[in-house]
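Chain IDs A, B, C and D follow the sequence of writing; residue 1 opens each chain.
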Amino acid sequence: MTESLLDHYRVMWRIRLFEEKTRDLKVRGDVSGSVHLCIGQEAIAAGALGGLNRSVDVVFSTYRGHGYAIASGSDLTALFAEILGRGAGLNGGRGGSAYLSDPDNNFFGENSIVGAGAPHAVGAALAGLFDGSNRVALSAFGDGAMNQGAVHEAMNMAGAFGLPVIFLLENNRYSELTPITAMVGDVELYQRADSYGFEGIQIDGNDPTVVLDAVRSARDRAARGGGPTLIEAMTERLVGHYVGDVQQYRPAGEIDDAKTREPLVISAQKLLVQGFDDVELKSVETQERDRVASAASAALQLPFADPATALEFVYDS
Amino acid sequence: MTAEQTVVTYGGAVNAALTRSLDERTETILFGEDVALPGGVFGITKGLQSSFGDRVFDTPISETAILGAAVGAAMMGRRPIVEIMWMDFTLVAMDQLVNQAANVSYLSRGNVKAPMTVRMQQGSQPGACAQHSQCLEALLTHIPGLRVCVPATPQDAYDLLLAAVWCNDPTIVIENRNLYFGKKVTIMVGHDVQEIGGSITRHRGNDVTLVTWGSMVAPSLEAAEILEIEGVTVDVIDARWLNPFDTLAVCESVTRTGRLAVVHEATLTGAFSSQVVAGVVEAGVPLVAPPVRIGSPDTRIPAAPSLLGAVVPNVSTIVEALRRMVTRED
Amino acid sequence: MTAEQTVVTYGGAVNAALTRSLDERTETILFGEDVALPGGVFGITKGLQSSFGDRVFDTPISETAILGAAVGAAMMGRRPIVEIMWMDFTLVAMDQLVNQAANVSYLSRGNVKAPMTVRMQQGSQPGACAQHSQCLEALLTHIPGLRVCVPATPQDAYDLLLAAVWCNDPTIVIENRNLYFGKKVTIMVGHDVQEIGGSITRHRGNDVTLVTWGSMVAPSLEAAEILEIEGVTVDVIDARWLNPFDTLAVCESVTRTGRLAVVHEATLTGAFSSQVVAGVVEAGVPLVAPPVRIGSPDTRIPAAPSLLGAVVPNVSTIVEALRRMVTRED
Amino acid sequence: MTESLLDHYRVMWRIRLFEEKTRDLKVRGDVSGSVHLCIGQEAIAAGALGGLNRSVDVVFSTYRGHGYAIASGSDLTALFAEILGRGAGLNGGRGGSAYLSDPDNNFFGENSIVGAGAPHAVGAALAGLFDGSNRVALSAFGDGAMNQGAVHEAMNMAGAFGLPVIFLLENNRYSELTPITAMVGDVELYQRADSYGFEGIQIDGNDPTVVLDAVRSARDRAARGGGPTLIEAMTERLVGHYVGDVQQYRPAGEIDDAKTREPLVISAQKLLVQGFDDVELKSVETQERDRVASAASAALQLPFADPATALEFVYDS
């Protein structure tokens, strides 16, 4: 069953509001450690999960991955709890904002080493050739990660073996504080797929329907044995690289401009054209705001991770 | 499978363990550079692709992708066995072992595992260049979350590798190419797979405890024989597993002998021997002489045999060091 | 340049040393991720690009290319200073340090050098994930051919970095981001650049020798103050340089105190502390109590502050361990 | 001054005979350790060095690099001595066959880690922007190395910064014992340059004149600030990956076929067309055979490296 734009709109609001709440919690000191928000990039996670077969497919993201957890269906309270260092967090507080995962929802997690998750997706896809799952593995990463050896090796291997991997490149134009245009000789990153012998496409990453369609057709091809796809989803970060980044490096007006074409704005416009009215859209937002707020409050009530458990599970036995 | 005897080299024992793993654990897959069609640069994986088909395959020269794919496949429930041709090459891909494989169980509180086995071989050989000669076990024994073993005999090449494959932690098996083509010996195969861990005392004595592993087991045993003639008897403990390390056996022996020597091929500063020494003295085991560590001096490893001979410990450097130790007055 | 005083944070001291290096050594170039236009993720390199133009530049997220380019440029006679944002990230590019930089001088018998400086910072911080929290100095102190220092104070952040830049060996400067934004203190700048090596005794005592470095210097000093009130006096040696390591100073102190404790943030097994302990006991320095190593237990590093607090040593864990040590009867 | 085909023919014979002699020395037990011969690939090193400005340009090769040393002008006796572990070897016997260098001849050496030399060339080129040399750096590596992260990162950085680097890919169709075609999704490796924003070309690597022309024009472009070039020189290994490799993995007839188009054969044919006669060509071979033979005998007389020096130069002081 295909998700409708309204479904996406809801998920995107959920992500947006989750991220805003996380920022607030960080600013007021409830969250320790770096937090990387995906504000402005919600359409990619929301659309991508819609294009997968969620019962078998698996997702690997980066530290900027709260949106993937949410779109994968993670419990919001457990997600907040993780970020807040609570024992009931998705990972018992061990991962934190930048390294969380939710294997029960096939989200094999964030990764805080740039590019390091791409080979995991290759391995997950490989595994699927033997375990009968017909799994497709999706690896999401940023533009800057394209310059990391791990991503190259992963793409080459996936291409050589024709593996069912979707490489989802979220091009938000910056790698931390540095514009990607200065760090590559050819800015059309999707074209790198040619080198590896598979298809690369560039899409509007702010439209969840476009993302869904691209991921779905990549998934179909992969499941048919047609090999990997590189999808370059163009988007923009509406916030800093991390909470607290003052973004002096961004040209004046860039973010304001971006706000005119950000996912929630263009989806709302389309939904209005489809016949929904402001009240209906507003009620989506309100419902999600409530949902996020109550998850955050619930998480804040939870006890901090128990220090006595800190040394458990380093090894299997 | 029934227990039986077979006559194999060290390399043949590795092959037998891989065959059994692929046979009994259908979730295993085996991959690496040149391992499938050509059967490995040392011929260790010969015949596996013809026996097990697609489950055994060659990869591009991409150690990060190899190890990373092993992590990903392991997370999905496969039990990958991969080969890194030379331990020196792990250095292009350490991230996948340290930041990735080692974190899987901890981060997920045991809900996800990375039951992968990484075979590699290390050590110097006359003429081998400085980038194909290092003993780097200390880089991995410092990493919580990884298991590390260093089999020194054909029997252990078989048993430790099986234990590694059966184990649910990411486990590194460090072989040694100087041992691959040693003489054929009779080993037991087909018996129950052992748990990881546990040392083995290969020579018994009361004057000195000598702890060693890998390429230095054989020269250490030779040294023990020579010293025995001189009236000095040595407990030679082949550690086999560096993680988990058999501290108990070592401390028990040192309690008896009062003297500890650790022998390995790796360069000395920060070698795993320093951990062995520290472990014993921290435990308060009384010593009658300062402990001695015998390894390569802190140098890059030269290719020329004449230079290499001045670097890597051998039977006589071991004998001399132990002689000095037992005659020393404190 | 004339010697004078200035008031800076640790981060400011690093900046001052970089400024002086770029100024006085025209063969220096400085590069890394986000170091130039944005001035570094921690702001440590702020202003350098505007002062030194093209000699300071940003790079792609390519640690192997960064370190490899440093090796290549150094071989040509430049004196590159590069930043690896987190020590954890060196793991994607260890080859360029171990198999490449470390071999240049040895292989060429000193005809070619790799006078490069690699700055990085390490350590845990509440909320930091397991891939941004490790203390990995032991991986580099085991490598012959590399130099390694761990400055703990603003003065040392300045002096050790300059010594590293002036030194002709590939030298790793391991900073700590918890120290960057500490309080401003008065330091000397502009004096002669020091040679590499040499520890500093930051607190004097006769009962215990405590060797430490990096993030554990400050808590160790606090612990020493507390113990002093209880009548236990501690020699606190800030090792500063792990390679070359000041074995002499440590042995001299232990000869006096008879007790050795080593304190660091890294996980214990195979940590550099084991080398320190082994070095002292091998030298035969008599001890009145078993040496003690205080570090993080062998675990991955958790993000949650409550968990992290159970892992990383602090003033009270140090005090307690030393108390146990001095009251112990042997 | 451009080298003539006859000059190349001479250098190629020198390399060929050096390699054959090395093989003999290895087989009869005078050489310890692995030896990787460039027999069949001589035109690449010979042509490449002709295309460089040898007073400033620098070369980085792989373990299969004796040809680069010879084409760079290394003393043959010192080269044999190195391989034979003698104290008077180029590196005092420390490097051996697979890790030797001759900085006095701007040959910054072999590298036995696949792909690891490519970033060094980037650094050498970078250095040239500051030291006034206008140096161009050449990095030679194999087809298999294209799949290593280091080469990707080096190419990306060189492309992003427009650095004067020549990436010289010797495609001998095998990575050790495995055909490259099975290990990539697109066998046209030169096209990867597109991704990095610079030019890639594929050439006949068995014709030294073709190699020289390609390297020279890449050098000219690089020196003019036009950035890097990837040259894929197609060639064939006439021998095993290492001395002793029985090459069961190679299809029957492959090597015999290759012998009909190998560098010495096609250069001889061209020289005959140019008007040289068999006697002249034979005399080149004979002169080089004598030169190589006497270098080898001289090297065999030299003392082994002195063990007392084994620990020198680990550090500067």
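Operating definition for what follows: a contact is a pair of C-beta atoms (placed from the backbone, for glycine too) under 8 Å apart; a residue touches a chain by one contact, two chains touch by 3 or more.
The shown structure was predicted, so the numbers you read here are calculated from the model rather than taken from an experiment.
Chemist: Just grab the chain with the largest centre-to-centre distance to chain C, centres being mean Cα coordinates.
Modeler: Following the centroid criterion, the farthest chain would be D.
Chemist: CA centre of chain C versus CA centre of chain D: separation in Å?
Modeler: Taking the average C-alpha coordinate of chain C and of chain D, the gap between them is 40 Å.
Chemist: Using Cα averages as centroids, what's the distance between chain A and chain D in whole Å?
Modeler: 45
Chemist: Using the average of all C-alpha atoms in each chain as its centre, how far is it in Å between chain B and chain D?
Modeler: 36
Chemist: Two or more other chains touching the same residue: where does that happen in chain A?
Modeler: In chain A, residues 92, 94-95, 99, 111, 113, 116, 147-150, 153, 156-157, 160, 182-184, 314 touch at least two other chains, as defined above.
Chemist: Multi-chain contacts in chain B: which residues touch at least two other chains?
Modeler: 59-60, 62-64, 88-89, 91-92, 95, 99, 103, 106-107, 130-131, 144-145, 298-300, 302
Chemist: Can you tell me, using the touch rule above, whether these chains form a line, ring, star, complete graph or other shape?
Modeler: Contact pattern: complete, every chain touching every other.
Chemist: Can you list the residues on chain A that touch chain D in the complex?
Modeler: 146-150, 152-153, 156-160, 162, 182-186, 191-192, 194-198, 227
Chemist: Residue numbers of chain A touching chain C in their complex, please.
Modeler: Residue list for chain A touching chain C: 31-34, 63, 85-86, 89, 92-99, 111-116, 144-145, 147-150, 175-178, 182-184, 248-249, 304-311, 314.
Chemist: Could you please specify the touching residues of chain C with respect to chain A in the complex?
Modeler: Per the touch definition, chain C meets chain A at residues 33-34, 37-38, 41, 58-62, 64, 88-89, 91-92, 125-132, 297-300, 302-311.
Chemist: So in the complex, the part of chain C that touches chain B is made up of which residues?
Modeler: 64, 88-89, 91-95, 98-99, 102-103, 106-107, 130-131, 134, 136, 138-139, 141-142, 144-145, 243, 245, 266-267, 269-275, 277-279, 281-284, 287, 290-293, 298-300, 302, 330
Chemist: For a test of understanding, state which residues of chain C touch chain D in their complex under the given definition.
Modeler: Touching chain D: residues 27, 29, 54-55, 57, 59-60, 62-65, 67-78, 80, 92, 95-96, 99-100, 103, 105-113, 115, 144-145, 147, 167-169 of chain C.
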